[in-house]
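By letter and in written order, the chains are A, B, C, D and E; residue numbering begins at 1 in each of them.
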Amino acid sequence: MDALSSIGWALDGVLASILLWLAWRTLSSPALFRAVVLFIAFGLVLALVWARLYAVDVALAEVAIGAGVTGALLLSALARLEPPMGRGRRGDKDDQEF
Amino acid sequence: MIPLFDTSVPPDAVLPPDAVLPLLVLASSLVPGLVIFFLGEERVRTRTLLNLGGALTKLALVGWMFRGVYEGQRYEARLPLLDGLDLVLRVGSLSLLFLVLSAGLWLVTTVYAVGYLERSPNRSRFFGFFSLCVTATVGVAMSGNLLTFILFFELLTLTTYPLVVHRGTEAARRAGLAYLAHTVFAGVMLLAGTVWLYTLTGTLTFAPRGFVSEIADTHRGPLIAIFALLIAGVGVKAALVPLHGWLPLAMVAPAPVSALLHAVAVVKAGAFGIVLIVYDVFGVEQAAELGLTGPLAAVAAVTIIYGSLRALFQDDLKRRLAFSTVSQVSYIVLGVAIVGPLASVGGIVHLVHQGIMKITLFFCAGNLAETLGIHKVSEMNGVGRRMPWTMGAFSIAALGMIGVPPIAGFVSKWYLGLGALEAGVHWPLYVLTLSSLLNAAYFLPILHAAWFCEPTTQWPAAGSGTGTENGKPIGDSGRWLRPETGWLLLLPPLVTAALSLLIGLFASSPFSPLEWSLLIAEREFHYP
Amino acid sequence: MTPPGYRQGDGRNAGGQAETAAGARARGQIPSWARASIALLLLALFGGLALAVLSLSSPAPGLSEAVAARIGESGVSHPVTAVLLNFRAYDTLLELVVLVVAMIGAWSVGTARGCGGDTPGPLLRHLPRLLAPLMVLAAGYLLWAGAHSPGGAFQAGSLLGGVGILLCLSGRPLPDGLLGWPLRLAAMLGVIVFAALGAGVAALPGGSPLGWPPDAAKALILSIELAAMLSIGFILAALFAGGRP
Amino acid sequence: MTQPVFWALVGMALVVIGLYGLIVHAHLLRKILALNVISSGVFLVFIALARRAPRDGAAISPGPDPVPQAMVLTGIVVAVAATGLAVALIVRLRAMTGRTTLGDEADN
Amino acid sequence: MALAPSSIEWALAVVFLPLAGALLCFLAPRRAAALGLTIAALTAASTLGLTLEVVVAGTQRTVLGGWGAPLGIVWLADGLSVTLMAMTAAVGVAVSVYAAAYFRDEHTERAFFWPLWLLLWTALNALFLSADLFNLYVTLELMGFAAASLTALGGSAAAVSGAIRYLLVSVLGSLFYLLGVALIYHACGTVDIALVAACIGDAPRPAVQAAVGVMFAGLMLKTALFPFHFWLPPAHGSAPAPVSAVLSALVVKASFYLLLRLWIDVLGGGGRWLAELLGLLGAAAVIWGSVLALRQERLKLLIAYSTVAQIGYFFMAFPLALAGDSAAWTGALYLALAHGLAKAAMFLTAGNLMRFGGHDRIAELDRAVHRLPLTLTAFTLAGVSIMGLPPSGGFIGKWLMLEAAFRQERFGLAVVMLLGGALAAAYVFKVVGHAFTPAVRSRRERKIPAAMEWSALLLAVVAILLGLTLPMIWPLLQIGGPAAALSAAGAATGAVA
């Protein structure tokens, strides 16, 4: 195994760990606002992964749509779902999971 | 183009002349029925015209076919339905017997119903289903295979349900529920048996000696199970014990409906179904060989005795008649199950005899209820003086049921007894004797009370307005011109009572039900 | 507005709050053993899926060669764009229809109540003025680039959508004249152009549905992409606004 | 293990994590997030596996098979459409009932 | 353009006509009803044209874009797909006529119903035509979105929540399906159904099994097979009547159709364990759905649970077909067709009753059924088909399936089918029984346009008459041979087993 591929593997490993961690936190963090922000971060990391897999088109689309538009959509939804005060920064009470 | 099924009828013969008559017989009640649904409630004249026109047309058509069948003509219409399985309408001598019965009694019942239901609500609905019900019955009569039989048998269920619940009372709804529960169970059994049979034999066409003999050796067990399923399927309508529960409950229906259920349509269709299953599906010898007729005869015997016993303890007149039906219909089953030419003649002829006698009884019970408000046996003291014609008819029919010669019922019992002796079994004789005694025990007190006891209540005089809406006030003419109740209510039982006397008296003349049954035994069952 | 007969649903609103509390209590407590068993089941699922992945043979079958072999006839040189807008153009057409459905669905639910609801802060009020032109430019570039390198209608469209979202956030109302059919037409434009051209070429001699003639392919694809980009951008912004105007 | 297989496994893991989130969370927005995570996982599987060694003798191209890429692009757009529609419905539900969860019957 | 349209033009028309119609309706909401009706008629006519084309000339393949498989997408119109498209057209026309009257006074609903409904029709026809696994994914999503949006048109909180639930389930199901497609693509290098079928035997088994597993799971979820039926009653029970009709009659069938396609065309009818599992779930669905239907107090929920039960029947054909009994498939398809027509009719009648009386509580329906004899007749006739009484389409389907069950001596399945019929009778009569009580005239009654009564009645009558058309439909189903190929494949499996 040459150095290049070891670096590659290391990069892959780190990216994958971040990705999985973000996914997990997105679905488990108690505050919805934070969850959405984490999801946007998840989309950005995923875009890096796409780039790493040489799928540049998908990477572009992921940044623009997956992270960008979806994130904006979710944030605006959150603004309408949660009471205006606090903007979801407090623990969302409807989400009883934690 | 894609090829259609290979039907056994070549395309140019899809509607041969022979096929037209059975279809017309169906249409003669189907079309009036459908038209009546769309008629306004108040168009009495049109509706009556349609009803009677349909009934008369049907009778004429059946008469035409009667001649044809006697001369050896067969009528058949078919429509491909499944792969290799058609809907078949076929008229042979056996179907014709049932056809004549239902067409004839339909006419009478229609007249009666027109009189009975005057001014009551929902008449269009009633007569519409009434006609459809008869359509289903003649369909059952003409079915040429088990599939067609199921079709009309289920149609019968669907069209009689609205009649049973017609009054819309809580009791009617409960009766309808019981009726449905029983018939749905029956339908499931029937369908199961039929499909299973079809997978074994590959055919469902009724044949003179049945169509199961080829697999009788290889599939004994399944055949026995199938027989049980099929008999359970039709046995509900034939009110075999323990499947009879719905029949006494269904007495809440209006009198013409009871008449129809008991004498023409439902119960008869069930009994006819048993005849078909034993003779034309299994073949009576084959059924006997499989050991199936013995249990069937036992069930019939139990039903006969049980029905009579229960009838004994009913005070409600219609319920007593209902249990009497339970008992009497199983004579037909008994005749079939005894296995022998004379017994089968007795069973088949009882199909007609019981129908005519029982319809008379129900007409009379309806007249009593409608004219005088009598519903119970205990209220009938002296009613013979107030309604002599009605009670006269009632008496003839009741005596016939007991088996007093020369009324029709005697002929049936005579042949049943002879058939049992011919088949070399004795126990049916005991059953018949016991049942006749029981019949006498529950009918004779009624006759005694009606004719020989003093009236305990004061009834309104004839023609003076009866308290119900149905007795037609006629005015103050002479006594003989002033009927005890409406003409439309009185004539039907008189006609049927006379008929039951006549077919007993002239049992051996040509075209009597008895002679025709002998012809059936010869032609369809290949008895000598 | 609501058809009669559906009002019993509204009847529930009165008890909505109470029900929410009770319902949430009931739902909030998925017992831990249930969670554990769900997790176990999912772990088993993962095992099965992993096995499936591992079983795939390594000389991979695929369509790279087929795409490479026929890309010359497709009118574009970037393989992904060739697949999207020529080889499997029908998928892309339906995908645009999916967007349209989503938008109509969102519109049918209710009216848009602005974006975010509050008065925009100074940043949001001025940012679009700077960003919007840049983003439109970038979108144009991506669209153009899509023919030979990564990029294309979707990416460009989503950038346009971003512009729309920013404008929306900045609280700029749409001119009233645009609110009726022009708005709807803008959303439909991609599908209309795509479908009309796709059906139209079928009528050419020897043509098939969505079969671009090779010499016209590039122009056709570009015009479709242009229309699609506008529609995508518009629809994404409309979805963000969350209802009919 | 090769890089494609590695990433495909990561994709499968995302699918499973998303499913778990979808099942245990009641809040509808969370369910949407979960669905998006699942779809990302599916896309990852789709694309990653396309980078396995191509058939013998084929010219090795730097990018993966373009067909899955095009399909995933389609998928991403579909996913955002789903999110948009779902968000509109959820906002509506919230406006009508004050709820942001599915009430009534057993939750999925 | 040639005078007689070719099969390509018919196929193009059945997909692109409703699409164009939807766009037009959306652009001109004021004329939506008239436009929609016209388009519905035209689409139905094109469907008929395509069907005739298939009848005369056999399976029709349309190569989209001229590339052909594996690079491009192919449309395939064989007997199975045109039959389902024809059912869609029949239900579609009736529902369109009904909806024109139903939504006449509701401006917003009308404006959105028509485009969404025509898009749904587009999706259905596209799904039935497609022979490409990935393209099918897109059509599935299209269908799901349109169906969810239509559900929400009911406007009530129940409708919106039903729509959300349905949307989530639909998206999840599609994602599962897509995961399967991904695995298949990487195992076979193609998504064309015919090519996949050719390669699936040599592909690595775990991958194929996992792919089939997730695809079937996803589609079962979308078809609402027990125990994945939880989403169906809330959605179908709260949508507007014409929408419920379409959802129950068509949308559920589409994902079942896809399952069947995969089973027949991709797996060649094999897979004993999967088949037995599906059969078991189907049997459970029949019992569970019927019992729950019987226990409902609201008419629309009763009908919805009845759908859950009827779906079970379709799946009971899987184990029965293993032995190469083509009657089982024909039976299941027949049941599907009959159920489509009958169930649509039932939901339309439920709409009439609700419009008339303002509610759909079964116990208080007597007034409404009393005053709407045509509606009651339609309901009863549809019920006859659902119960499986002769000579309805439902009877033929049930008969064929029973035949297969008895022939293979699978008495357990036969008993479930029969029991399901009896339970169906019970829940149908639970409603019909209310027609025969003495009723008082209601104060709240609204007039029902004739179009709403007659469209339901006609559908029900067609469901009954369908029973008489087996000699025509049986050969049609054989075209392109899904059933025929299957019986051959099944026979091979049966011989091995």
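In this section, a residue touches a chain if its C-beta (ideal position, glycine included) is under 8 Å from a C-beta of that chain, and two chains touch if they have at least 3 such contacts.
All figures in this text were calculated on a predicted structure; none of them were measured in a lab.
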item: Shared interface partners, meaning chains that touch subunit C and subunit E; value: D
item: Reaching subunit C from subunit A through chains that touch each other, fewest steps; value: 1
item: Most centrally placed chain - per-chain CA mean versus overall CA mean; value: E
item: Maximum centroid distance from subunit E, chain identifier (CA atoms); value: B
item: Reference subunit A; chain at largest CA-centroid distance; value: B
item: A-D or B-E - the one linked by more C-beta pairs in contact; value: A-D
item: Intercentroid distance (Cα basis), subunit D paired with subunit A, Å; value: 12
item: Geometric centre distance via CA averages, subunit D-subunit B, whole Å; value: 68
item: Computed distance of Cα centres, subunit D from subunit C, in Å; value: 14
item: Averaged-CA centre spacing for the pair subunit E and subunit D, given as whole angstrom; value: 27
item: Residues of subunit E whose C-beta touches two or more other chains; value: 134, 138, 141, 145, 148-149, 152, 157-158, 160, 179, 183, 185-186
item: Interface hub residues of subunit A, defined as touching at least two other chains; value: 56-57, 61, 65, 69, 73, 76-77, 80, 94, 96-97
item: In contact (per the touch rule at the top): chain pairs; value: A-C, A-D, B-E, C-D, C-E, D-E
item: Interfacial residue positions of subunit B with respect to subunit E in the complex; value: 1-5, 7, 37, 79-83, 87, 121, 125, 147, 150-151, 154, 158, 161-162, 165-166, 168-169, 172-173, 176-177, 180, 184-185, 187-188, 191-192, 195-196, 198-199
item: Sites on subunit C touched by subunit A in the complex; value: 20, 24-25, 27-29, 80, 113, 115-118, 142, 150-152, 154-155, 158-159, 161-162, 165, 236, 239-240, 242
item: Residues of subunit C that touch subunit E when the two form their complex; value: 1-10, 12-13, 16, 48-49, 51-57, 60-63, 66-67, 70, 86-91, 94-95, 97-98, 100-102, 104-109, 181, 184-185, 188, 191-192, 195, 199, 202-203, 207-212
item: Interface residues, subunit A side, partner subunit C - complex; value: 56-57, 59-61, 64-65, 68-69, 72-73, 76-77, 79-80, 84, 94, 96-97
item: Partner subunit D, residues of subunit E touching it in the complex; value: 134, 138, 141, 145, 148-149, 152, 157-158, 160-161, 163-165, 167-169, 171-172, 175, 178-179, 182-183, 185-186, 230-231, 234
